[in-house]
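Before anything else, here is the set of structures, which you'll find just below.
Each of the next two complexes has subunit A plus one more chain, namely subunit B in the first and subunit C in the second.
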Partner chain A sequence: MSLKSKLHEIKESFKGKKMAPAFNALHTFLYTPNEVTHNGTHIKAVDDLKRTMNTVIIALVPCLIFGIFNAGYQHYLAQGMIEAADGFLGASFWTWDNFEIGAWTILPLVVVSYGVGLLVEFIFAVIKGHEVEEGYLVTGMLVPLIVPVDIPLWMLAVAVVFGVVIGKEVFGGTGMNILNPALTIRAFLFFAYPTWMSGDKVWVHGAVERDQMIAAGQTNLDAISGETILGTYAQNGVTNYDYWDMFWGIIPGSVGETSKFLIIIGAAFLIFSKIGSWRIMLSTVIGALAMGLIFNAVVDAGIITESSKFYGLMDVPFWQHLIIGSILFGAVYMATDPVSAAQTNKGKWIYGFLIGFISIMIRVFNPAYPEGVFLAILLMNVFAPTIDHYVVQGNVKKRMKRLKVKAA
Partner chain B sequence: MALLSKKDSKLLKDPLLDNNPITIQVLGICSALAITAELKASIVMTVSVLFVMGVGNVVISLMRNIIPSKIRIIVQLVVVASLVIIVDQVLKAFAYELSKTLSVFVGLIITNCIIMGRFEAFALGNGPYRSFLDGIGNAAGYGFILILVGFFRELLGSGTLLGISVLGDPIAKTGLYAIGYENNGFMLLSPMALIVVGLIIWVQRARNKDLIED
Partner chain C sequence: MSKDIRIKKGLDIKLIGEAQHELDQSPMSEYYSVRPEDFHSIIPKLVAREGTTVKAGETLFYNKANESMKFVAPVSGEVVEVERGPKRRIDAIKIKAAATQEHLNHGKFDLGNATAASVKEHLLASGCWPFIKQRPYDVIANPDNTPKAIFVSAYASAPLAADLDFTLAGKESELQAAVTALGMLTEGQLHVSVGKKANSPLAGLNGITLHKVSGPHPSGNVGTQINKIDPVNKGETVWTVAAQDLVIIGELLLTGNFNPQRTIAFVGSGVSKPRYIQTIAGAQVSSFLLKDGVEKGSNQRVISGNVLSGKQINEDGNLDYYSNIVTVIPEGDDYEFFGWNKPVFDKISPSRALTFSWLTPNKKYDLDTNTNGEHRAFVVTGNYENYFPLDMYPMQLLKACMYQDLDEMEALGMYEVAPEDFAITEFMCVSKQPHQKIIREGLDLMLKEIG
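Let's turn to the complex of A and B:
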């Protein structure tokens, strides 16, 4: 007896009972159901919600694997135990040691994110008596990629419960949410536990622990730390990472957002498979570049000088804003979320442009939130329906005018 | 014999749950969000509003036949304002520190929609005794939510209740903090108060399906 028929049997035995959605979901996660509709002509499309979700997950896997190696690499590098890697294929980067320590810190994040999130989804499906929705599949993968490596697991669990319930279920579940659930989770963590979400200690595995041990009186240890590049610039500092390090992603940062190279590959995959909207990705990049150019012009005009606290980030060449921080990750995987983004094509351009524009604005003007991308996307999530409304109304008006001209 | 007739006790009980001014009528939200980060402030606010509404409703009810209807709002404002000034002065005299925490919000009791709402809807048309019960009932319903929200926000946000730490010392890492627990800073921000109020509304409507509007 194959696994499929066994699952089918279990499912049938629970039919009509309270727990039915849970078993249905288990079955359909793995196999196509046996049931077919009997009447009428049908159009068959393979790109259902599950396929869509899986495509995004495939696009995220390279970022996750890179994140695992990077976590180990940053850990050992900060302790001075290995040489800095030389480029993407650097010898000290793709090592078993790096993978081992990275896997031990990051896979638990993935497990907690999926475990808690799917549990909440199952509970809601059982209470409401509908099928388990697949919406959490991508969220569950995104969440571990946008948090610092050492975030305590219970905090992540609390945030996931909050994000899924308040960000999604209260609005009616998958497809009805106003805000991106993964970013809701990050926002919750950011405002609830700021000490674990920003600063120079959280981006390298073991740094906080090290600090506490030193505070407790162990003097044979050196403190380790790793400021993100944005954090350094925000304090008018000079970073010692070069542009290629930033592009390949061998820098401290949230788990999955550092490698711009892999994000671009993921973006190409999403555009090629027509899952992600290239309009949103492109317009976000344009928006970020536009804001960067404006800031550069302000510095060039001498309005902001080196004594200003904004100087460090304003003086960054405009194109560099794309490779520091997580604007690209946000543009490719977050802003393109089809539920919370604008729906009309013209709306997508406006929506994306404003995300990029506002992200860089927050980044520069608020040193407390150097990573403004998630705030910008959440803000534009809220405005997306309004943008769509005006785009549609504008279209209606245009057509009405055309009609009048013809009639006259 | 019961202390109150059935009709009168309904005046007191209804606003506590099924016709709660905050969660059902969605009035007085501003102060519920602003001052509930600490339980103590919530309690003081509750007591103040109990006083203002109880006395205010009686005063308006007594004057209801002599107030010209064209200027009734002004008259109501004068009554509330006088009562609020009394509360403010008492707080400043006996609980100065607390009055600084509550700062402008005591003054803003004047604009609390619940109070004006009850004056308009009830005290202008009913006798002083029933108006008193109605005022106390509504203020208690308001205060109940305030204290509930204040309880959760202070407990989860600062780990204290009425200023006494109940979960251990976050700096010396005792109690819950020893095993890695940390206070939720989001709880101290107003948006979380709105979410907590929302959750209370959710629980309330899940328990009593009659409250769900279509």
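Let's turn to the complex of A and C:
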């Protein structure tokens, strides 16, 4: 008996039972179901939600792989064991050693994120008796990419449970949520465990451990400092990284967000495959540049001087805001989440622009939380339905006007 | 006056099995059925009980809400069975065709001295009224209203649609009689849309406003054309008549006989020789299905209508009252290994997510009835708009229907739409939502609550 007919039999035996959604979720991963249309359209286009989500995951894989190498690279570099890599193809970057230690740090994050998240999804699907929806496939991939490398796994697990339950399931599951679940998870981590989410110790694998060893009295060790560029600027410091390092991504930061180069490639893939909204991506970038220009103008006008604590970030040339921090990652993979974003095309322009604008504003004005992107996106998630409401009202008004012209 | 309508948003779904311009005469079917469900929202009051002998054009039942609206027999013969469903709902009235066909003659209609009232009365009594539909609600027109305009689409853009230029050729006199009569029913204009490059027999008619349509499907849907020409506002009514039904109306007016003969397109990849067939509304499809058609015992879906909005019927089913096309496509009741992530070349996709139909825009596809995925909540946004030419927000309207907010449905343009307008968005819906059903239920709710 072939695998196909065997699985079909098992599916039939589960029919009507409580565990059916759990089995079906696994089954449909292997085989698209034998479901046929009834009335309505008798044929359907090939795209389904799984394919859509899968496309986003494909676009994220390069970021993940790069993140793995970068975790190892930052670890060894901070310990002074390797030379700094020269550019994207630098010899000391793409090494087996880097990969090994990176994989050992980051793959557990991926496993915990998917394992815990999907478990929650399965439980909800079985309790509520609906099929397991694919929303978490992307969320589960995003979460490990937007956290610091050394985040303890139990914290991640707690945050994932919180994010999936409060961020999504209480609203009715995939398609009904107001906030982006991945960002809800990050926000939870940020506010619940701030020491693990910011500062200069969390971005490089081993830095915290090293600190603890020094505190325990080992004097022959130097502390590892792995401050992000944003952190440096926020303290009016001067960074040692050049623009190309930032662009290629060989800098400390959250796991998957550092390589702007690979993010741009992912964005190109998403736009080409028509899965990601180019309107949101483009307008977010425009919004960020606009805010950057305003700050530059303020500095040029002499309103803010070097003595100000905002000077460091305000003085950053406007275009550099795009290659530091996670603004690009947020614009491409987070802001474009179709459920929590604005849903009308006009609305998407406004929504994206405001995300970019507010991201840079938070980044500059709130040195305690230099990474404002996730807060800006969450804020705009909340306002997206309002934006849509006014856009749709425009169409409604047009229809009303048509009636009035007739009546007059 | 001729106005061009250019539709940009839409999608031509190209399928294997387009009908050749070749006409076959179908043998007379043994039985003919009239199904009240074809006349949406009509509650039938049966006249011809089992055992009655009827002539073609004789009343089978009338509309309970409006007794003057008759529904008549397509052929002469004996009513052998009235199939009933739950609560004694009439499902079908089955007529065994007589060997020699007799028509009930309603008398030649004098168009010269006709008035709106006399046209209405004649069409209602003769069984031709059900061919006139109205918007809002996409139901049979209420004869008490006067529409602001009447629309006829003589351009078919749906997949594998019958080429109306072919099926209506030579019917100019019937068409002219029908549009002359219908023109009296409206204060406004009678809009007729033809294909831009077409050589339509309707183009030369008198008393019409001609529009030339071009662009991808749903450019041929009358709903699209109404939206571009003279959209329906709150409180207004427009009527629509399918071009092929004008011929039946025309013949009635000219000869007095009700003769619902149709030239149907017999199409789809399941048909060995796709072509045109002359038959009668309500005929059993088995009367023509097997000859140069469907392989016996093959796993095929037979559809009365097109693949987007037609009705699923079985091989022993009947042509419905309005269709001028029977489509046969393979059933897709099989699993596909890794169907959700492997590259796809042989199915149509609006995206490029490892799907490659964008590379071959002119390829003809052999699509089956598989849903290609499971039903989900609305997730993806912005892609319906790319294929939806009406000036409104399709997803917002669908959601308003789902949560049954009448005010919002009205504001978002529910008066203008029919289920078929949402066929193309349903086809490409990533979440596999039943758009046409949602819209139909929304329209029914409005009809019930607002009327």
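Annotations for the structure displayed:
As a convention for this text, the second predicted complex is superposed on the first by the 385 of 408 C-alpha atoms of A that agree within 3 Å, B and C clash if a C-alpha of one lies under 4 Å from a C-alpha of the other, contacts with A are read in each partner's own complex, and residues count from 1 in each chain.
Methods note: a contact is a pair of C-beta atoms (placed from the backbone, for glycine too) under 8 Å apart; a residue touches a chain by one contact, two chains touch by 3 or more.
Since the structure is predicted, the reported quantities are computational estimates derived from the model, not experimental observations.
In the superposed model, A:246 makes contact with neither subunit B nor subunit C.
When the shared chain is aligned, subunit C comes close enough to touch A:50, but subunit B does not. In the superposition on chain A, A:152 makes contact with subunit B only, while subunit C stays out of contact range.
After overlaying the two complexes on the shared chain, residue contacts for A:112 are found with neither subunit B nor subunit C. In the superposition on chain A, contact is made by A:345 with subunit C only, not with subunit B.
Judged by the touch definition given at the top, the superposed model places A:193 against subunit B, while subunit C stays out of reach. Look at A:327: by the touch rule set out above, it reaches neither subunit B nor subunit C. By the touch rule above, subunit A contacts subunit C in their complex via residues 4, 7-8, 28-52, 54-55, 58, 131, 133-135, 172-176, 272-275, 277, 279, 338-339, 341, 343-345, 348, 388, 392, 395-396, 398-400, 402-403, 406. Contacts from subunit B toward subunit A in the complex involve residues 180-182, 184-187, 189, 195, 198, 202.
Put simply, subunit A touches subunit B in their complex at residues 152, 154-155, 158, 166, 170, 188, 191-196. Touching subunit A in their complex are the following residues of subunit C: 13, 15, 159, 231, 233-236, 301, 303, 307-312, 327, 329, 331-341, 344, 347-355, 357, 367-383, 385, 391-393, 395-396, 411-413, 423, 426-432, 434-437.
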